[in-house]
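Pasting the structures in now, so scroll down.
In the two complexes that follow, chain A is the common piece, with chain B as its partner first and chain C second.
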Partner chain A sequence: MKRKIPVIITSLVGTVLILSVFFPPAERMGEDFSIFFDIIAVFAFFLGGGNLVRIHGNKIYKKARDWGFSAVTLAGFFLMLAAGLFKIANPGGIAADVTAQGSLFQMLYDWIFNPLGASMYALLAFYVASASYRAFRAKNKEATILLIAAFIILLGRTPLGVYATAWIPEQFSLMQIPNLAIWIMTAPNLAGQRAIMIGIALGVISMSLRLILGVERTYLGTDNE
Partner chain B sequence: MTRGELMAYLVIVAVVLLLAFAVPKPISFSTTVSYIIVGFIALVLLIIFVRTIQGNMVGRRIVFLFVGMAVILPLFMTISQPIPLSPEVKQVYDAVVALKPGSKVLVSFDYDPPSAPELQPMAETFFRLCLSRDLKIVIMGLWPQGPQQAEIAMRKTLEYPEIASKNLRYGIDYVNLGFQTGNEFVIQRMGGDFKSMFPTDLNGTAYDSLPLVRNVRNFSNIDYAFHLSAGYPGTVEWVQVAVDRYGLKMGAGNTAVQTTQMYPYLRARQLVGLLGGLNGAAEFERAADMIGKATKFMVSQSFSHIIVIAFIIIGNAAFFLGDKSRKRKQEAAGGGH
Partner chain C sequence: MKRQFLLLLLLCFAVAAPLATAQTAEDSPLSGEAAVAVSPAPGPVSNIQLKDTDNDHGHSVTLSWEISPDDGAGLNNVIGYEIHRALSPEGPFVKRAGVPAGSHSHVDVGSKEESSPDYMKDYIDYYYKIRTITADSAVNAESTVAGPIQSYGQWFNTGRVPVLIFVACFLALTLYFINRAKGGADLYVRPLAGIGAVDEAIGRATEMGKPILYVLGLGTAADIATIASYTILGRVAKKVAEYQTGLIVPCYDPIVMTVAQETVKASYADAGRPDSYKEDMVYFVTQSQFAYVAAVNGTMLRDLPATNIYMGKFYAESLILAETGALAGSIQIAGTDEIAQIPFFVVACDYTLIGEELYAASAYLGREPLLLGSLKAQDYAKAGVILIALVGFILLNFGVDGFKEFFFVSN
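Showing the complex of A and B:
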């Protein structure tokens, strides 16, 4: 029973959601079923928060390696949680919106979360440059093609690319680097992306059918009845 | 972290604080000084190239230093760069200017602060263009931080004199419906009824109390949608549900890394226009004749691209020349046997 009930629920929901796309009378049922997603998402929020506290709490308790970072994580988590839940320093009080200007939550968002998030992403530029220098080599035919394509795309986004090929006459404008970059994006890239998308779609259809028909049961775990 | 590294970080923080508080007005290099700096960096890169050919590879910290300079120094320079307009960006602009005053535009903010440097300039220019043409904006988000990013962009937009002079009112000219969890299921249910997903706006005002959206039942009441995306749920989900099933006319602004995935939708006309990364944002500013942050940041991005290109060339030169020298040594060693 422990395995049969989830399989029945999966089959039922999957079938209704497919029917809701192809049969208008079942459309409303599909929308109703999708409400379950919201209910499950609420549990996921609790589960995610609980898991974060458990893992980092354990690290601090055991004084594991780099436990200081865990302490910062938990301090940030609880501070944001308290600022949002109790609407600390909110000009409109507890009834007002959590993101009201002047509230502690909004100040933490504007002055700490926002710049920290952007800084984390900005670090990528340094690692990409370093990785390109050390690993982006024309070692073989495939790598050379990739390198040339990347070169044209990068140059096409810079003034160097514009100036370097500005002398090419208008009738051969495709050979100008910015236009060549656009062509790479709209022709070879498009073909590759379509192939990947069709492949993924076929995989999703086959996996969905396996799930609906109860053939695929690995999502139930390895626990035997 | 070693004591030396800690000291280096503290020195950097001290210099930044000193610059922030001690410098009375923003630093700006003249065009001549800017070109001298560019020439100096090019010269140092040439020296690195020669040294690499001689077999002396540079460490990654040198690469980091160059990228840092390439990103920071152009912010103080007074040089600009040509920004060619691509067809996909022009499509977004054309779609917006084709709308009649009073048309309703839905903008979904599906990103968070890490992607803001690329997507926030797009949002600001899009808002500015829409509001200057008397279009009505309905904001929402499938990412929790999205509506807050929208608030930041809207505050900035409302400061522009031509927008401020219109005395726009919340709830009548623009509205922020806030975040709703549920990913593509939210889009699916919005196809039936917006109110079922957003019973109140971001401030807790009831949906029916907002004059702008009171008569907006589903996507059929929206004239154009613009979607800002940095991942999942994102443009793919909007196209698959809102565009394909409900026939929404939609354009998108994406981070540069995921722009390549959107071209199939653009070619199939499921997307009406696409802004890709900071470059797309700068092109959009040019198309709308509203030069802003993206155009300024583009110089930084171009410089860093050139630095990356230079280091790829240097790295490959070292690889091939090192390979040749290895082969020569092997041949010499083989000849000795």
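Showing the complex of A and C:
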């Protein structure tokens, strides 16, 4: 019973959502189900916050390994929470918007949270470089093709690529590096992407049917009913 | 002296007066308007056609018209059109929308919520007129009133018939192969290297005495990729429970965390080791993308997991995670349906499930006949799509457009 009810709900909601694609009167029901999901999501935020406090609180209490990180996490969590809930140092007082300029919440967001996030994002540039170095080593035939294609595309996006092959006559313009880069992106690359997209679409339909038909139950932990 | 002063004053006045007049004429908009001739009004739009919008749930009317003769030609002073609606031909007309010059049609969509001020009731008469506007707000031209027209909903969206046919065929194929599987048919499914490596990776972690890190991605519980990831997590957790290896599942979304907790718990119970399940195996981190990456990277570098498994929806964080894992020396298996992230995983991970392989993984891992049946249907559907693409390619090159038209899908 514990597993039958979720399967019945999944089948019902899935069927309605499929029908809403083809039968306009069912659109409303589909939208309602989406709203139900949003309502559940609101309650889940409490679950997330509760879990965070419990896990890190336990680590601090037990002085587990790296408990200092947990202390920083909880300090940050409670500081942001208090700054937002009580609108600490909010120029307009408790009635004003929490994100008002000058409020502690906004300052924490602008001067600590945002720069930290941006720093993490900036790491991506270095990781792209190290990943490219590994990917573009011509170890075999496929990797060599990848290397050549990547080299043409990189060169095609720079002024050097334009200058290097500007002398090629107009009737052979495809051989100019910028045009070659565009061709690689719009012909072989796009064809490959579309093939993957078709596969994904079929996979999504297949997975959805498995869920609706109740064949796929592993997400419920059901090996033994 | 007095006379000289008066003469000087007159001279100054004579010089200053025309200048002052010119200044006034430039500054005063009123004088300017008086000086500039009123621009002529453009011609109104004609032949307004109204119809209920096709294939919708009602509350919408589609308008089409022939543009003003002064739109892009003639006086060439039209900058757009305003759509006005009323409940009677006499009005009052209310402006519903504005569209730029050159537009031939507009869909007037009202709200279906009765409480909304924009509510558009079905099965009542509506009248429309279109105002042709110019840069001068005082110069415009109104069309004749068109109508009445009623909006109403349709029961079936005829624009999506090809999709319905495809889904029906796919469903029939799936049911056929599931029945065959139930009947005991031996269904061959191509091997997936990434999934084959999961068992090996869990074994390696057991030998090294190090945990397995499982990342569900940034998707919500409603994403199919996340649901597929749950099923793989279930299989991985069961193996982990059997081998008594550690498992770390940091979550980005609280709902995903809740479902993942239940999945892992049930897998431990299925493996006959419910006591080995610990609450802190699956935990919530944050819903901020890069803060989540920082936390997971920290876990990778501190705990040095033997295996990192990334399955689900990933965005810009994919490469940061996978490269950190590679630096930490972990075996990495990834799978995502985000096309833009697949190359990053291919580069940085040992095994990658590309697109649909993520969905196939759970069926492949379980080797259950029912799930394999649906995989088989998927393979046949793929073959069908390839065949249709080839036929379409040939027919289009021979100038036969009808085949392409059949697959046209409207909203």
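The rule we apply is simple: the second predicted complex is superposed on the first by the 206 of 225 C-alpha atoms of A that agree within 3 Å, B and C clash if a C-alpha of one lies under 4 Å from a C-alpha of the other, contacts with A are read in each partner's own complex, and residues count from 1 in each chain.
We adopt the following convention: contacts are C-beta pairs under 8 Å (C-beta built on N, C-alpha and C of every residue); 3 or more make two chains touch, one makes a residue touch a chain.
Keep in mind it's a predicted model, so treat the numbers as computed, not measured.
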Which partner does A:Phe151 reach: the first (chain B), the second (chain C), both, or neither? first
Just chain B (first), just chain C (second), both, or neither: which does A:Asp38 touch? first
Return first, second, both or neither, reflecting whether A:Arg134 touches chain B, chain C, both chains, or no partner chain. both
I'd like to know which partner A:Phe23 touches here: chain B for first, chain C for second, both or neither. second
Going by the contact rule set out at the top, does A:Gln193 touch chain B (first), chain C (second), both, or neither? both
Contact-wise, after the overlay, does A:Met120 reach chain B, chain C, both or neither (first, second, both, neither)? both
Touching A:Met185 in the superposition: chain B (first), chain C (second), both, neither? first
Check: chain A residues flagged as touching chain B and also chain C 21, 27-28, 37, 41, 113, 116-118, 120-121, 128, 130, 132, 134, 193, 197
Chain C partner, complex, touching residues on chain A are 18, 21-25, 27-28, 37, 40-41, 44-45, 47-49, 51-52, 54-55, 58, 66, 69, 113, 116-118, 120-121, 123-124, 127-128, 130-132, 134-135, 193, 196-200, 202-211, 213, 215-216, 218-224
Chain A residues touching chain B - in the complex, by the definition given at the top: 21, 27-28, 30-31, 34, 37-38, 41-42, 95-97, 99-100, 106, 109-110, 113-118, 120-122, 125-126, 128-130, 132-134, 136-139, 147, 150-151, 154-155, 157-160, 162, 178, 182, 185-186, 189-190, 193-194, 197
Which part of chain C faces chain A closely enough to touch in the complex? 55-58, 112, 153-157, 160, 163-164, 167, 170-171, 174, 178, 220, 222, 224, 227-228, 230-231, 234-235, 238, 253-255, 257-259, 262-263, 265-267, 269-270, 279-280, 283-291, 293-294, 298, 302, 316, 319-320, 322-324, 337, 339, 342, 344, 346-348, 354-360, 362-363, 366, 370-371, 374-375, 377-378, 381-382, 385
Touching residues of chain B toward chain A in the complex: what are they? 60, 63-64, 66-68, 71, 81-82, 84, 86-87, 112-117, 145, 147-148, 151-152, 181-183, 185, 188-189, 192, 202-204, 245, 259-261, 263-264, 266-267, 279, 301-302, 304-309, 311-312, 314-316, 319-320
